[in-house]
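The structure appears right after this line, and notes come after that.
Labels A, B, C, D and E are assigned to the chains in the order they are written; within every chain, residues are numbered from 1.
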Amino acid sequence: MVYWISIILMGIGIYGLLTQKNLFKQLISLAIIDTAVNVFIIAAGYVEGGKAPIYTKALPSFLKGAFVDPLPQALVLTAIVIGVGVLALGAALLVRVKEKHKNLDVENMKGVGE
Amino acid sequence: MAITLISILALSVAVYFISKLSWKVGAVINALAGAYLMIYLFTLKVGSSEVLGTLFGEKLLLTYTNASFYFSFVSMLVILAVMVFAIKWLDSQKYPSAFNMFLLMMTAASLGVFFAGDLLTLYIFWEIAVLSSMLIVPMGKKEARRAAIIYAVMSATGTYMYLYASFMIYSRYGNFNLAEVAKDLANDPSMPFKVTVYLLLAAAGIAKSGIFPLHTWLRIAHGNAPDAFSAVLSGQLVKLGSYVLMLVTAFFPTLKMFQGLELYSKIPSPNYFLLALGATSIIVGTLMAIKQDDMKMLIAFSSVANGGYILVGIATMDAIGFEGGILHVFNHALAAAIIFMAFASVVYRTHTTKISEMGGLIHKMPITFISYLFAIISLAGIPPMSGFISKWMIYQALVRKGMFVTAFIAFFGSIGSFLYVFRPLAGVFLGQLPKKYKDVKEVPAIMWIPMVTLVAISFIMGVWPFPILKPIEAMRADFAISPSVKIADASNWLVRGVTGSWNPVIVFNLFIIGFAIAYLLYTLFPKPKKVDLLAPHKEEGAPINIYTGGEYIYTPDLYQYNTKMYAGFERMYEKHPSWEKVLDMLCKFFHDLGQLVHGWFFRPSPSAYAFWTVMTLLIVFWVRW
Amino acid sequence: MMTLAIAIPLIAAFLAAIRKSWGYILYAIAAILNFILSLSLIGAVPSIHALGGWKPPFGINLVLDNASFYAILFINAIFLIVAVFPDIIGKYATVMLVLMAAVNGFVLTGDLFNSFVFMEIISAAAVIIASKRENYYSAFKYLIFAGIAGSLYLIAVIFVYTQTGSLNMAQAAYFSFSQKSLVAITTLFLIGLGVEAKLFPLNGWVMGVYGGNDLAPVILSTAVTFSAMYMMGRLMITIFGGGVLQVLYVLALITMLAGELAALYQKNLLKTLAYSSIGQAGLVLAVLSKGKEPFTSLAYFQLMNEVTAKLVLFLVAGYLVYKYTNLNGIFKSHKVLGTAFSIASFSLVGFPLFAGFQSKLRIIMEAFKGGDYLLPALLLLATLIELTYLIRWNVRLWFEDQVEEGEKGSWRHGFVAIALAIFLVVIFFFPNIYLAPASKMADAITSVSGYINIVTSGLGGM
Amino acid sequence: MRRLYAILIAAGFVYMMLSFLGVVPGYGNIDLCSRVSSSFLLKDVSEQNAKNWLMAKGLETKSIEKVYGEKNKEDGCANVVTSIVVNYRSFDTLGEVTVLFTAALGVGLILGGTRRKKYGLLPNFVFRESTRILVPLIILFGAYIFVHGHLTPGGGFPGGTIIAAAALLLYLADEEFFLSKVSTGALEGSMGGLYVIAGLLGLAIGGYFLYNFLPTGRVGNLISSGIVPIVYTFIGLKVGAELSGLITDLHSEEG
Amino acid sequence: MMTALVVLAGAIMTVAAVFAVEAKKILDSVIAMSVVSLVSVFLFIAMRAPDVAITEASVGAGLVTAVFLVALFRMKGGDEE
């Protein structure tokens, strides 16, 4: 189920990358893909009926089905931050692109040259 | 051999730095090295063999054969002459140090090509020769930069085909060694393989010696290279191609290899294909040479035609044809070298190569004129000079094989060559002397001595060709080309052909007698008076020209009689199909393809990148899922 | 010890953030230390380092085998060479330090997710480097590409995790994947890595990034490309053994031709060289994708030759392009740079007497031995095109009439360029300088059981 | 037309991913015992036979032992995700920090200036004053989140971001406000350096980079799990400083 | 119950994502994107990943949106010209 959502979101992101001529929109599409991939990863670690992988006083008695997989969560934590870094970099670049080429629309940008 | 070649290569780098201090010293060192190599050739024993080193686990062999000797000798003759010539000539050049270095490097590499005992060694030295000569070419006129690129590309086209074929051979026989490969090829059952290999190997020779489909670089490269280097290009480098063509057609046992593919008079069809290319080159070269106004380009096209003669001679698979072709290597090398050196001398003094801008230099530069005259006599194949003998031998072979179309083409080329060699003669040396060349002097002795020496050699070989025919006979014996008759018969002063024999000594004597009679007549009759083209009537003092029927000549250049000298003849093929244009189109095609790739994949916006990424992903998925 | 190769530049980068003016000095120190360190690592081959003391399938481990050892040696040498040029590095020293750490980590790591993290650091640093000299749009395009590629790479990593239950490369190498999962994983990895490895048609960013300033090509086309090619071999040959190699072969051949053709059309020197490096990458990938021994070592041999030559070319080109507006005949004023440029370009083409000859001819020879007649033909065609434009540039830079007055050149550029160029000639005569490391690398890359053994025997003490 | 093609291609991508889904175990239906995370959960990594794991044998179904409140259970983090992020896979986190560092650095290099860029928008008085009160609270909250990272959800990254949110608020509230790049740079640099030095200390003491060399205490206590909270503090401060610097760069111009 | 909520979240995300991609104004896009992120936070909670949820909420949804908005503000509306 969640897999489907994430994959459809990826599809939308790719659709956005393909159709949008505005560079900012493309960056947003990339952000959507990032989010979708994160959802996908978490979904790959979900265990039906499992609990969040944090020990409290109430203890489960079996490993099987007791917790969801913590590793994908750790990975996603990393992936989110990496995504943010890349997107912030992209935003900064766009500010400069706008200054240099006067426009963010691929077809109206000035001085792009070859 | 190995040590000599390597030390000469190393010396060439040293020469660069020496030339930086004084290029004259560098040029002298070059000439001394050339002289040493010349002597060295005679000290080597035929049949000796040496290992240069190992590469990819294969030994790089140097083998000294009769063919090596002959080709190296011809090369060194030309190069040595140019090296001596360059000692003075270089002061007109912009890059004397680099010229010295690359010339010596090229010399060593060319000898390496001739000494090579296996395909790989040949390739290595070949590439070094191409590289170093390719770097000399752009030192010439402005157009020469483009010329260098075209030269490099054409040459590489052939070379890479050659390389492909050599590795095909290696993967099949596990051997690069020429002698072994020749044996293996003779016994190989696979005909398509043999034909492919044969044609691909020949491609290198075709590209280098300017045979028809890859001939276009000759015009631009010979025409624009530094003037003295054109002599090396045309006289020596082109002969590397002839050497490779000789290797693949004569050294490889083609008759045995292509048994069953005989097309016509026992010539296998692959050989016949090469022969046809040679014949085409004769036509193309001759016709195009007649059209040229630039004297260097004119001789460049004549090199195409003469390369064709050499190939036709070798590809006849007949003893006398082979010998004729190989002898033509010598003749053309010397003639072309003399002609280009003569041109270099003219350019050295006049700074132009346009025939229509010159004239009347015969009085100013008589020695150059004499050298040129003898060279064109040889080139056109007129009897007393050596050029006739080789052409005659080729005709003999064609007649024996019954190839009358090719024979006709060869005759046609000969007649054409009378036409085109006469054009610079008339334009440059005869006729009226333009005013601006009033103070032109003969070139210094250091420049004309090499020319005259080559003329002398060429002349002597025309009268007494047996010394040069001796190694050729030996080569023919090595390659076992039938029929094994004795062609050079020194004791009877005869060169034996099919329809008859040629006695050069008698012919020479006849010519001497004829010349004496002509000279007698010349001295008996009154001499013509020399007038200025624009000479006004002295008596009346009016600016009326006496030669133009009352009209004053505003543009005397147009009335120079060698402007459009063969206009009528040229008009016959004014709109000729140009192979150069075809190649240009090919270049443009690749260029456009590059633009297409650039525009589709590299230029566009991120959307297109996303498109290609996802498409690739989908295609890979679709292929593999 | 091997973690220091990552820790030293990283700590230097953090220190450089405190005071910007320390940047270059820290970079130089870190480059020297890292090079010495990677030299000293030879005693430690083969070994693993379990980070935090957690055993490999659980924790992250660094693997130092012959392949990664020579790769980091080569990469750190390049970083050391670049350290000679403070004027090229400028204020990008911190980024270069991060890049150095990331490339070392990318090569050394034995963990898939960790490799993803390092790949992202590499692309982030590369984007910043690419944005030098206001080359923002190209950098942005690169960022989008790297973003998509990173996402696909991450999905592939997760696929591996769902199959094997761990992120360890050695376990993935041992694990027998089902056919379909292998297809899914390798396809995604191919695209993910293809962007860095300049695989067609994922290499659209190359022209803009390499052609836009003087720092990006010097470091991205050399060290980063090398690490990407290393990873390509490691993942496609060692870990996921062979599945995708035929596809890679076809794509790589197209890459080679496309790159060379586009270079033929290009009129800007840096961009021409950028395309040429695409073409060369195609050649390396094509040979690598054979997946068998002589080819793998030849691929790395060719890569080393290419990278050395490209370093010279890009150093010289970057220096000249931003010094003069018209380059005609400029080598008349910069003879040393010109000589180095010519030697490097001849080596790239593969003329005898230069290093490229050794690798290209060996590739042709081995391809013929393996019965592949297509690769040599296309290689020679590509070489012909390459020769055309490189000769064209050489002739133009040497022999055209000079338009601009030449200024006095930089001795650093001259010295480094000519030294590397002479090294290329030395390689022709002693190919084993490169070939021996390359074949050791290839041995390590092609031996799956060897890789697993290194990891399992590294567990001994734990 | 372009959109139609785009939809087709995106649909193709979705189809491909759905086909690939076939190789992934169904949603919510996974067996943790075959994954390394089971050992992270049980905190028995050091007891496992790594060689068997590598040979993909996995674990049998095991009942969970008592973990909460136990002493010296490996890293001793109650929050298993944190224990993975900062302990088992701490190296990834170092890389992650580096990515953020690089991004902040890049934004600085691309946009950075020395002067506040002004938009001429004056925020109202209430907003400005309430911000002054809120900012210390926000920073405190951020600090709480990263200090408690090993016990409760959260950790260095959200904590740091919350601190950066305070900086953002200040920028929005005050036209004149401008953080000194030197101070944020010094903070992020020194914190990053300390992280690496902590790792190097581990190398010196335990023989492994990023080795958890402090006593780990009881699972569930605040003072537990060795260097984890310390590292998370470093990360939190570093991320806070970095992102504040990033926001500063976004608000700056060349002057 | 949970399934229904997840489906609802998925629908919201899909719609928001399409809106983010297709919106005329970039400001709308950015906001729609942050909606996608925020709803994904719910998904993370539903999948028992509180750590990720907090990080996504603060870093993914909060910071990215903030950075985008500031950048957009700095460019004074990327889509108007």
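In this text, a contact is a pair of C-beta atoms (placed from the backbone, for glycine too) under 8 Å apart; a residue touches a chain by one contact, two chains touch by 3 or more.
Remember, it's a predicted structure, so these values are computed and weren't measured experimentally.
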Seminar exercise, completed: Note: chains that touch chain D and chain E both are A
Problem set entry | Chain closest to the middle [Cα centroid of all protein chains] | C
Problem set entry | Maximum centroid distance from chain A, chain identifier (CA atoms) | B
For this session: Using mean Cα positions as chain centres, tell me which chain lies farthest from chain C.
Result: B
Exercise. Count the touching C-beta pairs: is B-D or C-D ahead?
Worked result: C-D
Problem set entry | Distance from chain E to chain C - Cα centre to Cα centre, in angstrom | 37
Problem set entry | chain B and chain C: spacing of chain centres that average the CA atoms, whole Å | 45
Problem set entry | chain B and chain E: spacing of chain centres that average the CA atoms, whole Å | 75
Problem set entry | Between chain A and chain E, centroid-to-centroid distance (C-alpha), Å | 10
Exercise. For chain A, what residues touch not just one other chain but two or more?
Worked result: 1-2, 4, 8, 10, 12, 14-15, 17-20, 23, 26-27, 43-46, 52-54, 67, 71, 73, 75, 77-78, 80-82, 84-86, 88-89, 91-96, 114
Seminar exercise, completed: Residues of chain E that touch at least two other chains are 49-52, 55, 59, 63, 67, 71, 74
Exercise. What parts of chain C, by residue number, touch at least two of the other chains?
Worked result: 113, 117, 120, 124, 127-128, 131, 136, 140, 144, 148, 161-162, 167, 180, 188
For this session: Mind listing each pair of touching chains for me?
Result: A-B, A-C, A-D, A-E, B-C, B-D, C-D, D-E
For this session: Give every residue of chain B touching chain D within the complex, in rising order.
Result: 611, 614-615, 617-618, 621, 625
Exercise. Chain B touches which residues of chain D in the complex?
Worked result: 9-10, 12-13, 16, 19
Exercise. What does chain C use to touch chain B in their complex?
Worked result: 140-141, 144-145, 148-149, 152, 180, 183, 187-188, 190-191, 194-195, 200-208, 243-244, 247, 251, 258, 261-266, 275, 346, 351-353, 357, 361-362, 364-365, 368-369, 371, 373, 376-377, 380-381, 383-385, 387-388, 391-392, 395-396, 398-401
Exercise. Which of the residues in chain A come into contact with chain C in the complex?
Worked result: 10, 17, 23, 26-27, 30, 33-34, 37, 40-41, 44, 71-72, 75, 78-79, 82, 85-86, 89-90, 93-94, 96-97, 100-101, 109, 112, 114
For this session: Using the touch rule from the top, collect the residues of chain D that touch chain A in their complex.
Result: 2-3, 5-7, 9-11, 13-14, 17-18, 21, 24, 27-33, 35-38, 40-42, 61-64, 66-69, 78-81, 84-85, 89, 92-93, 95-96, 99-100, 102-104, 106-107, 110-111, 151-153, 155, 157, 219-220, 246, 249-250
